[in-house]
Structure formats: structure tokens, C-alpha cells
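Contents: one structure, followed by commentary.
Chains here go by letter, A, B and C, matching the order in which they are written, and residues are numbered from 1 within each.
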């Protein structure tokens, strides 16, 4: 099952990562495979930098999820926030436009969840 | 037409229930059948208890909707909030993981609306 | 590619219009056609009036988008806010129920994005 999580506010990170943890645990317990992608845009891209992730209390969970899901940052949002890709956690993938990524994924069978 | 409403904040209950009322009224006036499911997760599960529903001013509307839609509470969120299923309004259905329910429904043809 | 943006709070307008601008620019640069519809319901319909759009700083962008996308206001929300269709910007289309429009579009292949 393919699922896309959309995070566009810094305040939504903890809820989103908690949601994903629940989904992964359900998958393990029920032998279901979830292909999860998280797309961050807007100010939420800031927490994808190591120090900001630590301040927000999500660094450990992001690290733990690094191999279990695909975590993407919107490049337009990075530019708007003065962040270059090299400033991000090493496992973050940069997509040119977060909203395009979100739309393309849905049209390719991903469910959409906005935490 | 199948529609899933996602409520994850207590502050979103009134909007969500107003949205659903509009949808049901439109259905009646236009002889369209809406199969509606509402999934509550996060702190929004608290208002599915009788006294909290009354305090939030949504008790009467929830009661009225009891037979018109399927209202589900995420069990992970119940546990996180110290709520057992027996403390909920009697017509609430408990699902193991709200986000899994939301994804499964979408992949089975439900539209997704986040009020 | 067909995409529906849902705006239900006045505070979400700038983000939504910024998202749409990014999508249109991506489409131009990559020769992709986006059929975009924006559905406003709840208090967000207020900013579809000329003076409120100016106060909110979104008038120019709405005007610029008038021909590039379909912008709809929920009639239930207009009534709830004491607004008649003639009070709206001339290019706004009124739909009877915003949530029905959102559901119908998704079931007709539109991706859903909640900014």
C-alpha cells in the first residue's frame, strides 16, 4: 500500500512522525508492506536540517525512518527559507516542487494524508 | 459516492460536522447517496466521549449522525489519551490505526477531505 | 494532470496561492499542463470579495490566476458569512456545496492538496 504524508508546518512534524510510526508498526504486526513517502514544503523544510531537527525533538525519529521511507523536501521552499540541499540531513531527497510531487504520487496510486 | 473525513484536532470538529451536514443535505436534495466515514485520530478522539462531546457542543450532531455515517476512533490515539473503547459514545467504532484506515479507504475509492 | 486545492481558513490563502504559483511555473518549465481547481469553503470564502482580498494581500495574485485556474466558492459558506455571489470577484464560480465539489473532483481523477 502506497501512502503520501504531507507536512507543511513545523508544528505538524511530531504528529506526522507519530502517524508514520503507527503505520509502520501496523504493517509489521499484520505483514503488510507500506511504501511511505513524506513530502515537506513551506516552513516545515527547516526541521530537515540537523540542528533544527534536534531542537524540534524529531532528529532521532527522522534518523530511524531514513531507510523505511522516502523523505522529500520541496526545493522552492528551501530557496524561500535560504536553505541549500547540502544543509539538510543526508538522507533527505530534494524535489523541485513539493506540490507537483504530491499530485504525481496521488495520480500513481498513493493515498494522501495531511497530519 | 464514498467520502472519508479526517479529523485530528479538537478544534476541527465543528467544521467537520458542518461539512458533513452540508454533504448529507446536498445528497437528500439531489437524490445522491453519500457513504461517509469519519476517522478521528490524535487528540480529536477525546470529543468522542459523551461529556467531552457535550462540552465541545457536538454531542447532538454526533448522535444525529450515528446512523448516517460510520464514525471511527483510532485505537493508538485512544491509548495515548488514556481512553478505553467503553468510554466512547456507543456508536463509535474503534479501528486499530487511524492512518491505516484512511489509506485503505482511499485506495478503495473514497475521496479524502481534511476539514 | 488535474489537481484540486482546498482552502478553508483565511490564514491558508497565501500558502495555497504560493503552492499554485509553484505548480504553474513547474508546468511551464516542463511543458506539463496542470488543470487546477481551488475550492474555498468555511471562513476562507470571505477573501474572495475584492476589499477583503486586498486586505489579505492576495488580490493581485487572484486576479492573475483568474484565467489559469477555476476558483470556486462554497455557497453554504457564503450564506453562513452573509455574502451573496454578486459581492465576489467577478471570476469566482459558486458551487452549491464545497465538500461535494471536492469529493466529485477526486472521484474524477483530481489529486487533492490541502495547503
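Here is the rule we go by: contacts are C-beta pairs under 8 Å (C-beta built on N, C-alpha and C of every residue); 3 or more make two chains touch, one makes a residue touch a chain.
Note that the structure is a prediction, hence the values are computed from the model and not measured.
*Asks:* Quote the value, from 0 to 180 degrees and to the nearest 5, of the angle by which the CA atoms of chain A must be rotated to coincide with those of chain C.
*Replies:* Rotating chain A by 120 degrees superposes it on chain C.
*Asks:* Check the residue numbers that chain A and chain B use where they touch, and answer same if over half are used by both copies, otherwise different.
*Replies:* Different: when the shared numbers are divided by all numbers used, the fraction is under half.
*Asks:* Can you compute the centre-to-centre distance for chain A and chain B, using the mean CA position of each chain? Integer Å is fine.
*Replies:* Computed value for the inter-centroid distance: 25 Å.
*Asks:* Which residue numbers or ranges of chain C touch two or more of the other chains?
*Replies:* Where chain C meets two or more other chains at a single residue, that happens at 112, 114.
*Asks:* Considering the complex alone, what residue numbers of chain A touch chain B?
*Replies:* Those residues of chain A that touch chain B are 1, 3, 15, 19-20, 22-23, 25-26, 34, 109, 111-115.
*Asks:* Report the residues of chain C in contact with chain B in the complex, numbered from low to high.
*Replies:* On the chain C side, the touching residues are 6, 8, 41-42, 74, 76, 96-100, 102-104, 106-107, 112, 114.
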